[in-house]
Each structure stands twice: as C-alpha cells, then as structure tokens.
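You will see chain A twice below: alongside chain B first, and alongside chain C after that.
For the complex of A and B:
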C-alpha cells in the first residue's frame, strides 16, 4: 500500500513537471510578454523597459528561466506576479480555496443525485421513466455551461431572489454563522449551473453501467434465487457497477474543474477562473503557471481519491494489488 | 413439475422471429432426475430459463403451461414467482464464474438467498450457511464464506453456486450444463456431489447436458431435444436401442468418429530419425507477488521436462488444470522462455522462417476477431507473411475452407455468425494457412459438444495424413484419446509422471493417471474408452 502510494506520488510529480514545462514552452511561443503593451505607449523609454525586463529576468533564455523557476518552486516560491506585484502563491491560495468551496459540494451533490436516478432508470429499462431520463440527459448534454450560466444570471436579475454574482455581500455584518449563510446564498446559482452542467454525462454512465451489470449472468442467477428487487439493485448490482463508476468519478473532477473556471468568470465567483483569464490576457506568466498547476493538482488528488475508493470497493483489485 | 405445449420465440435484432422451442412436453416426478440431452443451439438453455421465467427481454413464451405442484408458473404474479424462485425451484448454471457476483463474498451471496425466503437472524443465517457449505464439501466453511469468487477455483465456485441454490431446500433443481466449464476430475467430483445430494435431500432434478455419459449414472429418464423439439424420451437404455440416427449420435458420439475416420494410409512423408522437436530438461517457474506486501510465491509450472516428438505423430498431454500443460505449450510455441533447458526443432524445421508452430485454442470465439469475416480470418497469416496476391489469397482461402469442411460460399460471413464447431474449423483453417509443421491443440475441443468434438477430431486426423502434420494435443479429458493419440504424456504438478501409448496407459496404476481415467469413466457412457 505504501509503495503504491509512493509510486502514485512519483507519477503526480512527473505530471506536474510535464505540465509546467509545456506551459513555459507555450507561453514562450505566444508573442509578447507583460511589457509588450507598455512599449506602445511611448511614455516609457526603451531603456526603462529593458531594465524592467532584466529586473524580472524576462531577457534570459527559456531553459534558464525554467530551471530558475523550478529551483525556487522547490523552496515553496512559485514565482512573482508582475501585474499585482505580489508572490503568485499569496494571490492564488485564497482563490483556490474559493474554487474548492464551489466545486467539492457540487461534485458530491451531482453524484448523490446521479446514482439513485441512474439506478432507477436502469431498473425500468424501456419504461416511461427511462425514456424521460434518456431524453432529459440528451437535452442536458446539448446545453452549454455558458448558456446555463447566462440563464441563471438572467433569472437572478429578473426575480432578485438570488445575488447575481460575487461570493459575499459587502453590507453583511454579524457572526460567523451569518457570514457563512451569506456565502451559501451566493453559491446557490453557480452551484446549480455547475451541477446541471456536469450531471448529464454522469447520469448516462450510471444508467449504462447499471444496465450492463443487470444484464450479467450473475444478476440473472441472483434473480433466479428469488432475491427481492431492492436488494438486487442496491446490494448486488450497485457494488458490481462501482468499479467503472469510480473511475468516472476521477474523470468527473476534471470536467467539473474545467466547467467551474468558465462559470466562475461569467458569474464573477472569486475563484481561480477569473484570475487565470486576467493573467493570461496580461501574460502574467507565473500567475498562469501557478493556477494551472493548482488545477492539475486538484485533478491528481481527485484521481488518487478514485484509486483509493476502487481499492476499498473492489475485492478483485485488492487481490491483484 | 409438468411442461405442456411450451413454445418460446426470440426476437432477433433484425426483427426476425427465431423459434427456440416448439411444443415441448415434459414431466418431472418427485425425487426424479430428468436428463435433457441436446446439442448446443437445440434450445436446452431456453428451457431452463423459461422455467423460472428468466428469459432475456427479447425472449417470449408464446404458448403452453409450466406447472409446478399444480400451479401454472406463467400465471403467477412477480411476488408469488419470487417465492418459488430459490425456495421451490433453484437454478445452477453453466458458468459458475459468471453466476456469482464478483464483488460480494460467497457468504453474503448465500445469506441473501436465505434471507429472501426465511425470516432468520444474522447469526442463524451464518450458521445455516456454514452448515450448507460443510455439507457441500468445504472442510473450512468460514474461509469460503469470507472469500470472493475470484479467489476460488472453478470447482469451488460451482460448489458455492450449488450451496447457494440449495440453501432454501428447493424441491427441484434445474442444472444447466453444470459441468461443462470444469476439468474432468472436478466434473466427476461435482457429479458425485449431485448424486449424493439427490439421495440425501430427495431432490428432483432437471439436468441439462450434451454429454450422455453423465446421465447414465444420474438420470432416471432422458429427453432428447433437437432444434427446439422433443425427439424422444425414455430411459437411456430405451433411447440407445431406438433406431434413430440423431439420438444414437448423441449417445454414442464415438461412432461418429468411426465413420469419418479415414483408414490409416501409408505416410507420404519421410519419417526421419532425428526428432522433430526435442525438449531437454525444461523448467519454468512464475513468481507471483503482491504489491502491498513483500510476500512472493514461486509457482513451479514446469520441472525438468524431457521429451521428443517424431514428425507426423500425435502426442496427447493430459493432466488436471494447473498441472503445467499450458505452460508447456507456451514454451514450445515460444511465448515463454524456459528458465533452464532447451526447446529445439530439427534443423530443417528451424530454418523455416515462421509459422512452424501454430496454436488452436479452446475458445475459437475469442481467438478469432469478431469483426472479421471468415475469409479475413483465414487469410491473415498469408497477409502477414506477404504471400500471394489478393486474388490468389481468396483462391487459397476457398481451398482451406473446403479442406476443413466449410462451404466456401460462406467466406464473407462474419465470424460470430458461425457456430462453435464451425468457428473451431475456421481457426484450424487459419492455422493451416500459415503452413505449419506442428499444431498445438490447447484444449481445442473442450468447449464443444461431444458429437462435434468427434467431427473435429476426424477432420484433424484427415488433415494430418494429408499434410504430414505433427500434433501436440493438450487436454484434461480423455475423450477419444485412444483413437487419436499415438502417445500420451501425463502431467502432474509440472512434471511428466508417465508416458505411454493409450492402450497401456489405461491399465496404469499411477495415482495421477488413475484419477484422470476414473473421472473420465464416470462421465462417459460405460465402455466408451475402456473397451478400446
């Protein structure tokens, strides 16, 4: 078990190095840097620009810059945001916390919704519940996150029932409880958009995996032994379907984080999304790098969690391992 | 239990209605074992599924009644039906590996059946499960009930499935080919167990099989099913005295072999003194290791194997599963490198670049690409060897198909449209296309019905005399051995324990050989092999 975890950790490290290297190369390939626009203004002399570039180390060749960044990252320093004049990590960490605050509950809620619904649809194959389900998920798949977010904003504006963006009201005062209630209130719409946006693929997978299991000879055998339907579905079929579903769980974290970056921008949730967008437009190298690495880290943690769950749920994997 | 006028249709994917059973009439009396004998595809399995109304969604019972103790099962509501399932009538199926849920322990699966029918506390349920497992022949029921199906052997799984079926003391057991996926010795053990249980529990049984030999010691009456229709019904003796070629073919499949058997011809290839293949002191072990612990298990698969094969001969390798037969085949075919020792072919064979050794596997269904047509599959070795133009290739494919007894006009059919026996013929044609010298038949016949086995063996013998092929026939059952093999090697625990001609071997006193022979005798119609 410990050796397995160590190996997974090694893989994760390799992945982070790969992603950072790729980002360095891609950012280099894109034209210009943070000071490109300043050059156009004419008020700043080329000498000053040159000096600024040298000060931030932007005049050095790519491999040197990468190695320098790696060596400082090893000491916990993930670079410096040129735009904010602050260390990238100081900027990113609260943002990352906000992104997690939004995505983790969404992940849990979508799975808690999808599993019983999927089991229900699979157990009524071909019936009207199943047909509504299949039609509904198809429709959901066709809806883009962006459209959903805009609809939610429209709803908030028209009804005024929910705040139309942000994470907290400025005028709320009171204790911790009031503060959290306010945040929760702000979360409702972005969370709803994220859940609705990420639910469809999960729903479809739960249904089709359950159908595969229900068609299997051992389910027919169990049915032949007269075991009742509820036990069959939830105690026999669902554990057998867990393996592919847990793998999907790992993947769904990726989908959700991807979706969340977009939704955060549209609904002005102060997570990583708006900051990454801003940093990319400003070519604020280390901020982009830090944000992408953090997202990668979330993914890795999600998949690691999925692996641990698999280990816990599937006896076959325990024996193989 | 009485089936009256039972007909079942399947709706094919192309909207075509296929009739699986037509107007079947059967009766099983209290405490009686009824054998249902038929080839694969005859509708036997539809019969067993229909009894508990477990037909797949595209199957439909179009007419008839299924009466169990006076009640028509077809008229029962779902909840009444559930009470009959498992408690009144229980089912054990062909493939115990597939009939048990892979992620639940054996104990859980048995207890769930018990608690579906009886109000018992957890402790009582555990106690009854343990008692059942002990009854079924597990000396340590606690370990088995905590085990998951993949941790058990095939025979243990079938025992567990039987325990699951019998835990609620049903009065009728429907057994659908319960032996066909097990090796001979295990088959004999399970058969013995079923006989014992029948006596102890006054169990009625419907035993579905393609092997008449099994029924001779178990069934009071036998019903023969052909193409969904009842062909005959009666005791095995009555049936074998019937003047009906189909029934006799099922009961005495070896007669079939006699018919297709070509008379031994003068060999038209040179018998060289140099052995065709020689194994010297070949050993192979595997290390199994667990990632999460440091324990390692060394499995000694082959230990100092020494033998040689003459060109044009047939050597059978027999032994129970796990005796190292397949590792031996893989070493000869070059899939595995032996730890020590040497596998060498005669010099002139070693010069032939490729295709010298061809394997034919047990399950032709999975050994052939399901998306290929028969022609694609057979032409593949030619394509790989970059031999022949496309025109010549299709010419050769037709030739090979004719040679293995397939209609060449079927060349463009997809592999999955062929039956099991036909697929095995395609696999043989594919092997022939590589112009091999040695064919390794790795349990190539085990998945097939006995009459089909006889036909394929006849084909193989025919091909041998025409092409001068050498066969290494690996098998766990001794069907037709004396008609087919020049020599038999008995393996046990990775060693060769005996090597002899079949006739001498059947008199052997070595325990490993004896147990194989006895198991095989128990499973086959009396006199089938011994009389040779």
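For the complex of A and C:
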C-alpha cells in the first residue's frame, strides 16, 4: 500500500515539476514581457524600465529564476502579478476555490447519473432504452459547451428564473445559510451546462465497458445460477467493469476543468477561467503560469484519486505493489 | 449493408459541407465584409410564394424591407416592391477558391431588395454569407490542425515504438507532460506567449500551429502501441531476418500499419480542433474581425441585449453541431471498421 502510494505520488510530483518547467520555458520564449508594453507608451524612461525589471528580478538568467520561482511556489507563492500589483497567489487561490466549488459537484453528479444509466442501457442491449440511449449520447456529443452556455444564458435572461451569471447577489444579506443558498442558486445553470457538456463520453464508456463484461462467460454462468438481475448487474458486473471506468474518472476531471474555463467565462463565474483570460490580455505571465499550474494540479489530484480508487477496487494491483 | 449506407451518407454530407465553404464566394450572396448600415439586426428575410394579394407565384420572392420610423430594428415589408430570387446572379466580387476573380453568385435578389437568409448583424452584414465564409476558417483550421497533430504524432510515435530504449522513454514522458495539463488551459498558455494582435492570415496559421503542436500526445501514444505490436508480427521479424534495415522496416511495414488508426484519429481530432478554433476566436484570441470565424461571430451573441433581442445571432453556435455529429459518426464507423479488421487478422 505504502509503496504503491509513494510511487504514484512521486510520479505525480515529477509530472508537476515537468509541466512547470515546460510552462516556464514557454513563458520565457515569449517575445517581450509586461514592461515591453509599457515601453511603447514613451512616458517611461529606459532607466526606469531597467530598474523595474531588476526589482522584479526579470534580468536574471532562466535557471536562477526557475529555481527561485519553484522554491517560492513550494510556500504557496506563485510569483507576482504585475498588472494587479499583488502576489499572484492572493488572486489565484479564491478563484481556484470557486472553480473547485463548481467542478467537484459536477464531477460527482455526472458520474452518479452516468453509472446507473449506462448499466441500464447495457443490460437492455438492442432494446428501445438502449437505442434511445445511444442516439441521445451521439446527439449530446455534438452539443458543445459554448452553445449550451449561451442557451442557458438565454434561458436565464428570458425567464428570469435563474440569475444570469455571477456567483452571488450583492443585495443578499443574512447568515451563512442564506449566503450558501444564494451561491447554490447561482450555480444551477453553470453546473447544468457543465454536466450536460461532459456527460456524453462518460455515458458511452460506461455502456461499452459494461457490455464487454456482460459478454464474458462468467457473467453467463452467474446468470445460469439464477442470481437476480439487480445483484447480477451491480454486485457482479459493475465491480468487474470498475477498472477502466476508474481510469476514465481521472480523465473526466480533465474534461470538466477544461469545459469549466469556458462556462466560467460565458456565465461570469469568478473562477480561474475569466482570470486566465484577463491575464493573457494583460500579458501578466505569472498569473497565467499560476492558473495553468493550478489547473494541472487539479487534474493530477484527480488522477491520483483514481489511482487510489483503483487500488481499493482492483485486487490485482494490490498484489503487484 | 445498412452500416455501409450510413457511412456513405456521412462521408458525402461532410464532403458537401467542405465543398460548400471552399466555394464560399459563390455560395454566399454577399461578401463577408459588405455592410448595409440601414439594415442592422434584420430579422431573417421571409421568402414568399404567396404575395400580399394572395396570388401564388412559382418562383420564390422577397419584399423590399425598410426600417420603421423611430424603431430600433422593426423592419416592415413593402408589398409594392417584390423581388424574385434569381440563380446565378451577379453581385459582390470575390476570388473563386481563392484564385479566379468572379462576380457570379449561386443565388441572390436584385437591389434594392436584400436576401438575408439568416438575418444581419450589428453592421448589417449578412449572417448567412458570414457563416459560409467563417466555415472556411473554422473547418479548415480544424482539418489542418488535425493533420499537423497527426504528422507529429505518427512521427514521434513510430520513432518511439521502433527504437525503444531511452528514446522511447523520453518521447513518452514528454507526451505525458503535454497531456497532464487540461487542454484548454494549455492552449491558452501557449496562446498567451504569442502576439495578441495580428492579421487574419498569420492568426490562422498561428491558431492551426498552436492547436496542432499541443495535441500530438494522444496520436503518438496510439501509434506507438500499433508499432510495438507490429514489430512482433512474423512477417516483420522475417524481414528483419533477411537483413532489412530499421528505416526500411519502419517505412515499408510499420508505418502502413498505422494508417487506419491515423484515419480514425483524424476523424476524432478534427471536430475537437474545430471547437478549439471556435473557442479561441470566441475569446478574442484567434481569428479577428473583420474576417468571420464561427467563434468570433458567436462572440457578438454573448452580449445580453443581442442574445435576448436577436435570436438569429446565436445561429453561428448551432452551425458546428451537425458538422460535429458528422465527424463523430465518421469516427464511429471507421472505428468499427478498424475493429473488424483486427478481428479478421486475428482469425488468421
């Protein structure tokens, strides 16, 4: 157990270091920085610019800056946002929390929806439920997040049933409960968009892995023993199909985090998405770097969770480790 | 047989759509930049067969519309000025397939009447024409980016699979890095370091390059798998026994094996990359005005008042849906074919 976890953890850490190095080099390759835009204004003298660069440490060589940045990132400090004149982490962390607030429930809900539906469709292969299911998932695949988000926005604006964007109303006052209810209310539409947008691939995979399991001889044997359908499906078939599904769980976090960026922008949810966009337009590189790394961190944590689940569900892995 | 019919239908529909946008100038009744300031936010033009007096006409026609006095976007039809829809008419000049200058359009109406099949935008530009022209950008950005990702992926994957050892290890670890970042964040990160403002052509090349370069990981891993299993096939072993060189085996035996996989991957990647271009342009980081892309057209619909008052402005977001469905259908069909091929080979 310990060895397996350490290995997965080490792998995740290496991945994070690799990604940060990759991104750091990428940012370095960029022509110009925040201050080169300022140079164009002509009101700031070259000496001032030079001093500013030195003040932010932009004049030091790349390896030195990377090491400095890594050592400060270890302490939760992702560098300095020049556009906001603030540490990047003070800007990023609340945003990251909001992104998680939106994506984690969506992840759980879409899996809670997908698994029973997929099992149902697989157990009725070829029947009308299965055909509706397959047709529905194919159609869902065509609908992209952007369209869904715009439709949700249109719905909110037309009916006024839900708030059109944002995360909290300004005029709501009261206790913690009222505050959270307000946030939940704002969350309904973006969450719905995210769930519908990410459901299709999950649904498809659940069905196809279940079909593979149901086809196997031991399932037919179990059926022959007269085990009832429900026990058969959920007690015997689903655990056997768990392995590929859990790997997909890790991948689906990627899907959701990517999709959430767009939904956040369109529905003005104050998560990492709008901040990243703003930072790009302002050439605020540390902010971009921090946001991308945080999103990578979410993804890696998602995959780690999947690994742990796999360990719990698949005895073969336990003997391997 | 039914499967085959479906496959042919999907392929021909996709080919038709691509031809349509390739000859955008001919298909679109107006140029993408032609402005008609007196007709901002016009409702899609109604095509009639029955005139105001209730008489039936065989040739469809439209009425000249004009803005109501004092209204923002209330256009009324003028019953005294019908204009029949004509085919192969003369209109705005364009370059056919980017080469031959021409004025011939598939259909149109004589001025002062206007034929806005899908309404107009803020500047009175024809949405239908802009969607057709925008398809040229969005569809081909997706295709070219997928081609680029595949070329890099097949190269990297086959080199990794064929050489093994530390080369394989390095290539696979690097591909893992690219796949560890949520793709949209990675896309934006790379976009962030490139210049923001540029002319449409370099923006197009840039967008294609960025999308293609970032997504080589998945095809590379799949190709590597095929090459690895291919190396163990008897005829490849035999070729090696006869003294065939590494490069020869790679070129003659291993690469052809990856072909059907590459084709399937293409069908999987193209819709994803079309969407990537649409999203980039939507966020103002891709192809910019005045040249239309589905993405930058959707951007206008994001404004609340536009979204609520002018429903036709949301159409550019709907257009990619059938295209995506087509590509997904194609990918499914190809995948099925690939699987039956593998099964066939396994039986032997």
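The definition used in the following text is that the second predicted complex is superposed on the first by the 318 of 321 C-alpha atoms of A that agree within 3 Å, B and C clash if a C-alpha of one lies under 4 Å from a C-alpha of the other, contacts with A are read in each partner's own complex, and residues count from 1 in each chain.
The rule is short, and it goes like this: contacts are C-beta pairs under 8 Å (C-beta built on N, C-alpha and C of every residue); 3 or more make two chains touch, one makes a residue touch a chain.
These numbers were taken from a predicted model, which means no experiment stands behind them.
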Fit-or-clash call for chain B and chain C when the two complexes are aligned on chain A: clash
Touching partner for A:54 - first (chain B), second (chain C), both, neither: neither
Which of chain B and chain C A:235 touches, first, second, both or neither: first
Which of chain B and chain C A:147 touches, first, second, both or neither: second
Chain B versus chain C as contact partner of A:19, first or second or both or neither: second
Of chain C and chain B, partner touching more chain A residues: C
Chain B versus chain C as contact partner of A:4, first or second or both or neither: first
First (chain B), second (chain C), both or neither touched by A:221: first
Set intersection of chain A contacts, chain C complex versus chain B complex: none
Residues on chain C engaged by chain A in the complex (per definition of touch): 173, 176-178, 180-186, 188-196, 275, 278-279, 282-285, 298, 301-302, 304, 307-308, 314, 317-318, 320-322, 324-325, 328-329, 332
Chain A contact footprint on chain B (complex, rising order): 49, 52, 54, 56-57, 82-87, 90-91, 93, 95, 98-105, 109, 112-113, 116-117, 148, 150-151, 161, 164-165, 168, 290-292
Residues of chain A defined as touching chain C within the complex: 15-16, 18-19, 22-23, 26-27, 29-31, 138-139, 141-144, 146-147, 150-151, 153-154, 157-158, 164, 254, 257-259, 261-262, 265-266, 276-277, 279-281, 283, 285, 288-289, 291-292, 295-296, 298-300
Parts of chain A lying in touch with chain B, wherever the complex brings them together: 1, 3-4, 125-126, 215-228, 231, 235-236, 239-240, 242-243, 313-316, 319-321
